[in-house]
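Just so it is clear, A, B, C and D label the chains in written order, and each chain counts residues from 1 on its own.
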Amino acid sequence: MSQYTADEMMTVAAARQLRDGTACFVGIGLPSTAANLARATHAPELVLIYESGCLGAKPDRLPLSIGDGVLADTADAVIPVPEVFNYWLQPGRIDVGFLGAAQLDRYGNINTTVIGGDYTDPKVRLPGAGGAPEIAASCGEVVVIVRQSRRTFTERVDFVTSVGYGAGPGDRARLGLRGGGPRTVITDLGILEADPDSCELTLTRLHPGVTVERAREATGWPLAVAQDLSTVEPPTAEELAVLRALEATMRAAA
Amino acid sequence: MAKLVSLADGVAELVRDGDTVALEGFTHLIPFAAGHEIIRQERRDLTLVRMTPDVVYDQLIGAGCARRLVFSWGGNPGVGSLHRFRDAVQNSWPVPLELEEHSHAGMANRYVAGASGLPFAVLRGYTGTDLPRHTTNIRSIDCPFTGETLTAVPALNPDVTVVHAQRADRAGNVQMWGITGVQKEAVLAARRSLVTVEEIVDELTPVPGQVVLPGWAVTAVAHVPGGAHPSYAQGYSVRDNAFYVAWDEISRDRDTFQQWIERHVRKAEAKA
Amino acid sequence: MAKLVSLADGVAELVRDGDTVALEGFTHLIPFAAGHEIIRQERRDLTLVRMTPDVVYDQLIGAGCARRLVFSWGGNPGVGSLHRFRDAVQNSWPVPLELEEHSHAGMANRYVAGASGLPFAVLRGYTGTDLPRHTTNIRSIDCPFTGETLTAVPALNPDVTVVHAQRADRAGNVQMWGITGVQKEAVLAARRSLVTVEEIVDELTPVPGQVVLPGWAVTAVAHVPGGAHPSYAQGYSVRDNAFYVAWDEISRDRDTFQQWIERHVRKAEAKA
Amino acid sequence: MSQYTADEMMTVAAARQLRDGTACFVGIGLPSTAANLARATHAPELVLIYESGCLGAKPDRLPLSIGDGVLADTADAVIPVPEVFNYWLQPGRIDVGFLGAAQLDRYGNINTTVIGGDYTDPKVRLPGAGGAPEIAASCGEVVVIVRQSRRTFTERVDFVTSVGYGAGPGDRARLGLRGGGPRTVITDLGILEADPDSCELTLTRLHPGVTVERAREATGWPLAVAQDLSTVEPPTAEELAVLRALEATMRAAA
């Protein structure tokens, strides 16, 4: 078996979440890499939707931005940005939304706005919401990809940019959020899944070589661990080869 | 019919101190040259509006043109943070920057309402987030048929919208294609508009995926080849990804930033 | 991915008695063949929805398929009145026809709301007219920012929308161009959709002005060349203006109408 | 001078209302003929907008329907129907709207819905509203083209499909209608214009050979007549030639 990095494991694990034939709302970076990896391996009919307006993009290289020309050139349709949100995301036509996070709490609430201080005088000003609040609200389910650390996995997020399960069970329904919420969080250490009853993110799988203790240390709340905790299959040779070839296309284009 | 103008004259006439100004373009067709002209003409106290304030707004903010920013995502796409934006928010340098912060869905719908002559738009958005705690421009509204509660945002009607497009004809009809983002809505929502173009042609040959803005709905058109650099104009140029990476270094430090602006913007000539 | 079906199977599976059914197409690309198949399969108690119920709905109404009509303009364009529509409204023949009547702006926005997953749309419309006196589906709504009063109409979400397009590929991706009216919104607003096409091709070559509906947003596609006749499919056929004129005579009298339907619809074979 | 029909006079008079460089919302029939006549004579830069989505159509023959292929083929842009109403008509971008009428009252209120009986059991069921209510509400001004008769020019319309000046001065402002309303009514007998103070349609011009008495007889209310009533210039030879050539193209295509 090949050697691989923690980021490669994370990307492969994320790609495996994507079922063939579903529609996936993709952001740039790891989500885009994972989605294109899925399309190049087990999910050739995966529909990639980029918020720039590219529906059904089929890039033959990794795009460098969500508005990369290769997305428009290969899309089934290029549509105006308001239409992306109004006709495609809002009515729940998109099965899976990928999100990143600067902070994440145990209910999958996400912060990408400000850290520390207060809103008008923050310690760190982050990019903000982008499409995330409505992706989190309206996609069939949300997959979060984020490196796991105490700084990121916090007891409380400093700002709720995108709602996960709010304060727990029933909150999404009370808020009128129609999508299923953050079902899965893929990290460089393993996979967390929302418990169907408590909605709490629960460690269900570890990447090969990672211990529960390490995962607990990288989590800013008492981490729930599944009784049937299992180990993620390492990347196959094919997955790694395709992933590396994809990443090489990105370096070549940059 | 839109007037054909030079970039300098277009900015001088259409962009005024204190204006609410939208430069739009979603990764593609970002009107950088027009942004630089606004810096050269030293506009002040602008309310800058843009879904994705990226490098072009980092430059305008660092150059001291902006008093306020209305936006939904402020970063250097694929690279990281905007250092001038952060410095303005975190340290009020060179001047304080007020923020009005939305989601993409909210901003897109605000332009749609603006283009539609409506005072507000309705969406499923923002619910449960902390965004409504920090702006009064996000409110709830009840459906008069079902009683369901949804979110309302007010129309955006910039004083002036600036966009870049591939082509215009001599009557000022504008043609763009590829990723066209929210540009049509941003132009139609604005009181005045300035479109920079790669090329002025005798006739606009139809292109798949095109958006055409009739000349009578545009105020002025300026011929500015390369006016989207370092972003790109599909069919004319490719994105200068290296510049976006380099900007991280240039903009991290106030002095290097100022030197860059001095050399590449203030002392450079307008492209057209 | 949309299923490729025969017209008969598509209508049998997707259009049910009592359904709310929208056949859309604005002068261009009107799905006449699908309308005829609905008549052949003797659907009953349909709520027919269409901005411009013209000859195709005159046929469905005269054939007794409809219980209710939701519309904004019912005439034979360029010719005059719809005699079957008038006979149903004025004389309840062959069955009574309830009307829910709107303006074009209202209907278009109802489809937009339906396509957008919103329960209602806001517009400046209907104000001062007698239309709101005859439907409870036109209400007022106040802007939560300015206090201004505007008009709200509820979303339209047909059980099934049927449209005609120029082409589809084998995955059911649909491509149409020329005047595309409100078809995209009508398809996206519906629970199920059936698209008849002039041609099934291996690959959809991009065309200026095209609208593409991805196959995963369409339920079924049927290959029905000439399925828009007597309307037209740009690039494939021209409008049969003589038929629209002839319809005035055919439809004026109940007997001639019934003979025509018997001969040209009920005893005709489905086109595909 | 050539011979001409009353309909030709009406069409020429309507065409003359259209100033070059303005944007005009055109319906099929006489309005379309008049607008194309204007474009072929004194107003080459007139922008024709058809509700089918054709912006800036430049047909070289008269279209047979508002969705005629010649309109799409020659338009600056073909846009979706919702956009016609939301982005172009509603914000007041269109200078002139042409409307017809089955009934019209002295304040330019228009009925194209039902005549006689009541709404659910009418004597005559007409086509209905179409784009008219919002054209009447939002265009800079409205020009009505209609043949004048007591049946059409009624004391009260049986149904208000499109609002003119409502019940008189101030009503449009009270209703929040932003367009200027029906400034001019062109008939086969002459031209009526809304009085700036009373808003009442006032006969200001007669076509050659028509008497005030005939106009009064064809009006179902006591017709106001301008003190400086004048006579419309008859069609010029050029106007007639162009009009007839346009109409010949329509017959050729039908």
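Here is the rule we go by: contacts are C-beta pairs under 8 Å (C-beta built on N, C-alpha and C of every residue); 3 or more make two chains touch, one makes a residue touch a chain.
This is a predicted model, so every value here is computed, not measured.
S.K.: If you apply the touch rule, which chains end up adjacent to both subunit C and subunit D?
M.R.: B
S.K.: According to the touch definition, list the chains common to the neighbour sets of subunit A and subunit D.
M.R.: B, C
S.K.: Select, from A-C and A-B, the pair of chains that is joined by more C-beta pairs in contact.
M.R.: Ranking A-C and A-B by C-beta contacts puts A-B first.
S.K.: Which whole number of Å gives the spacing of the CA centres of subunit B and subunit D?
M.R.: Chain centres of subunit B and subunit D, defined by C-alpha means, are spaced 40 Å apart.
S.K.: Once you find the CA centre of subunit A and the CA centre of subunit B, what distance in Å lies between them?
M.R.: 28
S.K.: Can you pull out the residues of subunit D that are in contact with at least two other chains?
M.R.: In subunit D, residues 86, 90, 138 touch at least two other chains, as defined above.
S.K.: Two or more other chains touching the same residue: where does that happen in subunit C?
M.R.: Expected reply: 112, 117-118, 123-124, 148, 184-185, 209, 211.
S.K.: What pattern do the touching chains form: line, ring, star, complete or other?
M.R.: other
S.K.: Report the complete set of touching chain pairs.
M.R.: Here the touching chain pairs work out to A-B, A-C, B-C, B-D, C-D.
S.K.: Which stretch or stretches of subunit D touch subunit B in the complex?
M.R.: These residues of subunit D touch subunit B: 21, 23, 45, 47, 55-56, 76-77, 86-87, 90-93, 138.
S.K.: Report the residues of subunit C in contact with subunit B in the complex, numbered from low to high.
M.R.: Against subunit B, the touching part of subunit C is residues 117-124, 137, 139-141, 143-146, 148, 150, 152, 154, 206-210.
S.K.: Subunit B touches which residues of subunit A in the complex?
M.R.: It comes out as residues 28-29, 51-54, 64-69, 71-72, 78, 80-82, 84-86, 89-90, 113, 119, 121-134, 137-138, 159-163, 166, 171, 175-178, 253-254.
S.K.: Okay, in this complex, where on subunit C does subunit A touch?
M.R.: It is residues 1, 112, 115-118, 173, 184-185, 188, 211-214, 216-217 of subunit C that touch subunit A.
S.K.: Contact residues on subunit C for subunit D in the complex?
M.R.: 26-28, 51-52, 71-75, 77-78, 81-82, 85-86, 89-90, 101-105, 108-109, 111-112, 123-131, 133-134, 148-149, 178-182, 184-185, 209, 211, 232, 234, 238-239, 241-242, 245
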